[in-house]
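Heads up, the next two complexes both have subunit A, just with different partners, subunit B and then subunit C.
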Partner chain A sequence: MKGMSLIVRTITTVMIGFIFVYGIYIILHGHLTPGGGFAGGVIVAGAFILRILAFGSEPGGEKKSEIRASIFESVGALLFIGIALAGMVVAGTFFLNFLPKGIAFNLYSAGIIPFCNIAIGIKVGAGLFSIFLALAAVKYVVKD
Partner chain B sequence: MTFIPLFFAIPLAAAFIIPILGKIAKSVIWIFVTLVSFALFVLALYGTAVTQQFPMIVYKMGNWPPPLGIVMAFDSLSAFMVLVISILVFAGSIFSLRYISHYTGQWKFYTLYMLITAGMMGISITGDLFNMFVFLEIAAISSYALVAFGVGAEELEASFKYMVMGEVGGLTFLLSIALLYAKTSTLNLADMANVLQVVGQTPFFWLVLGMMLLAFSIKAAFVPFHSWLPDAHPAAPAPISSLLSGIFIKVLGMYTTARLVFNVFGLNRANAPVFFNVLIGIGLLSIAFAGITALSQKDYKRLLGYSSVSQVGYIMLGLGIGNYYGVAGAIFYILAHALGKGLLFLTSGSVVNATGTRDITKLAGLGEHMSTTAWSFRLGSLSLIGLPPLVGFFAKYLIILGALKAGFWWLAIVAIALSVLTLGYLLKIENNVFMKKGRTKASKAPFTMRIAMVFLVVLIVLLGIGFQQIIDFLVGPAANALLRGVEYANLVFGSVGVSF
Partner chain C sequence: MIELYLFLVFMIVAAIIATEIKDLLAAVISLGAVGFSVAIMFILVQAPDLAIVQIVVEVLTIVIFVAVIFRTTHIDETIGKKLAGSHIFSIVTFSFFALLFIIAIINALHEIPAFGNATMRVASEYIRLGLPGAGGANLVADVILDFRALDTLGEATVLFTSVIGVAALIRSVGRTK
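Up next, the complex of A and B:
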């Protein structure tokens, strides 16, 4: 895929870090503020998509990135199921919130919920990014 | 004992391990999937054994009590469905090794295969309406992708058609859930059953029930809504056709209908005779129309697809009769048809794998050369037609017995008469593919394919001979689980304290 103009690339360079950090903030504060793993994951994926759109990628590069993204996607899903199964192993109930709950509205609170959010964030971010890459790769093939 | 969430947790976890295995060790994927399917089979057998002692096991997800949290309500009917699913998943996974080897991206196939398994397992054991919808969509979306797995023009068209129809069904179900939630303020099936008893049979009640019946009729492919199935099931790879026709349409269409009508809406033949007559009507229409259409088909798998539409009608017929024998017959028929049609679709896969064509007019004389496939086909079709002592006979016998006990002697005669159609279209395949003189160029079926087919043949014969045990331990308790009606709610809330 071809990149875009110098203006777009420069603004992207400035903005991409902020977008990325904002996405991670949404994921990590999912148990306190609106948003969470899904919304944050979408924003993180947005940062990656923006990078590809602005700077482009070498021919066939989408395929390689997609393979990597799909590994991350599987890892996210496995983490989520792992957390659920950990509840079963530790305390005998699937999806039990077995970690200490802490003080409400503190960052370090809510037991397994932040970890679930992180797992969902990885899964959704990688998933959405690989959907984008799949569509981009298809367009590339059709152009050939 | 906390085995209940494992029914969907194991296949879900396996589904996400497979892509990683696909990157590092492709050759172990098949062994991994087969082991997982076998583990599910063993787990399902164990679950069936446990339900002999405990009629209802309630599992609280995250230890939240119902109706606040999501519960898994595992009773005899769930155990039965889970067992049938796991049998077909196991047979299909053995069969897949050589069948899928022609395709690229095999790990995608196995990932979707595990996801569809997780979805079906989840539907069978959940005790929460919205949870049921989520699992239904997991299974349905995986099935759209699996139907399109060959990515040829035919597969993509079939998958698109299936997806449009399937989503109309799925969204109708979602809308009816929303309406029910607005009225009852609960999504827990047991709690909803209690609230609906207070609401009574108002026009709203019938509207929601009608919408759900529409949704499940699309998912189970009853006749006005069947048009996607004869496209979609033949287009899928054979092990998937076997899974889709064998159990998928029954879990998404029949199990959900039965569970909601009997246990949640609390209907039975005594308090809603008109509704149950409608069910009988739907069943008869499917049996007759799809059966006649199947007679004129030339495509091996498409013929079997129409046959599935027709056979599912018998299950609806049994549910519509509504007495013990009718419902037990319907449940037995789920097992019999799953084994029979699952096996027939596997033989179709074996034939396609050997000859490369599905057109039965182009095939001839495979009976001598592919003897395992041919005899599997013969036993599978004899079971579907209803020849004693195979498993299909006893299922059909129970339905007809139910019709007689309920006083529908004409229905019994019609049901027997219509099973001649089954004989007709299956003989067409037998006659063209296996018996006809001539010799199509074909290689022998690979060993793993034969193992999978023989596994199902053995079950068809053994379960037919041991039908009394099947009725006593599997089908009878499952039928009673449905016929106990809204007593279901008391059982769920009553067994919450039990340490399962």
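Up next, the complex of A and C:
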């Protein structure tokens, strides 16, 4: 995939870090402010997609990145189910909120909810990015 | 309340433009107008969580659409052509069933409570128990990740399945024939 013009690449260099950090912030503060794992994961995926669109990628590079993104997506899904099964191990209930609740409005509060948000954020971000890579890496083979 | 109706009319007009215009880039921009109107309506009815998700998903969708259009073609050649006979038959059939559906919907609408006055039998319990029960300050996170976490697991499974489906459909291996 080819990259874009110098203006786009310069703006991307400046902005991409802020977009990425904002996505992480939305994920980590999901239990306190609007947002959460899904919205933050999409923003993180958007940062990666912006990088691919602006700078392009070498031939065959999409395939390697797609495999890596698939691994991350599976890790996120397993993490989410692992948190659910941990509740089953601790007290016998699927998705039990077994961690201490902490003080409300603190970053370390709400038991398992922040960890679920992190797992969903990894899963959604890597999943959407791998969908984009699969679409970008399609070879248009025309046979006649 | 009146601004919701204004946005609704705007969305209907933009959706009709998106299906009828010949330039695909303009159609994608009309589609974006529909999506961002939905986001503004979510903000107007005080649902910032949904508004954030709607905005980021809409941006991502438009970016993918524009990337595809720049790599393929701008012009939709099917618009403006004369309809074939079979098309007219399917349009008539569709209109008939749409009319039936609308009559059923109008009858069903008398049963549901008015806008803004939901009965909230279960939801009032969620609101009462949200902060003491789950501990999260954001009530939406409490509901989707504590009270109804099993639903969220199903939703995550849907996304996982769709990713697997996309990867299986358009992988390059096995597509040589």
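Methods note: the second predicted complex is superposed on the first by the 138 of 144 C-alpha atoms of A that agree within 3 Å, B and C clash if a C-alpha of one lies under 4 Å from a C-alpha of the other, contacts with A are read in each partner's own complex, and residues count from 1 in each chain.
Please note the rule applied: a residue touches a chain if its C-beta (ideal position, glycine included) is under 8 Å from a C-beta of that chain, and two chains touch if they have at least 3 such contacts.
Note that the structure is predicted; figures quoted are calculated from it, not measured.
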item	value
Which superposed partner A:I118 touches (first subunit B, second subunit C, both, neither)	neither
Subunit B versus subunit C as contact partner of A:I71, first or second or both or neither	first
Touched partner set for A:T93, first subunit B, second subunit C, both or neither	first
Subunit B versus subunit C as contact partner of A:I24, first or second or both or neither	neither
Touching partner for A:L128 - first (subunit B), second (subunit C), both, neither	second
Subunit A residues touched - subunit C or subunit B, whichever exceeds	C
Touched partner set for A:V42, first subunit B, second subunit C, both or neither	second
Subunit B versus subunit C as contact partner of A:L32, first or second or both or neither	second
Touching partner for A:A84 - first (subunit B), second (subunit C), both, neither	both
Overlap of the subunit B and subunit C footprints on subunit A, listed as residue numbers	70, 73, 77, 81, 84, 94-95, 97
List of subunit A residues in touch with subunit B within their complex	67, 70-71, 73-75, 77-78, 81-82, 84-85, 87-88, 91-97
Sites on subunit B touched by subunit A in the complex	2, 5, 9, 12-13, 15-17, 19-20, 23, 59-63
Subunit C contact footprint on subunit A (complex, rising order)	26, 30-36, 38-39, 42-43, 45-46, 49, 53, 66, 70, 73, 77, 80-81, 84, 94-95, 97, 101-102, 104-105, 109-113, 116-117, 120, 123-124, 127-128, 130-132, 134-139, 141
Touch list for subunit C against partner subunit A, complex	48-49, 51-53, 56-57, 59-60, 63-64, 67-68, 131, 134-138, 140-142, 144-146, 149-150, 152-153, 156, 159-160, 162-163, 166-167, 170-172, 175
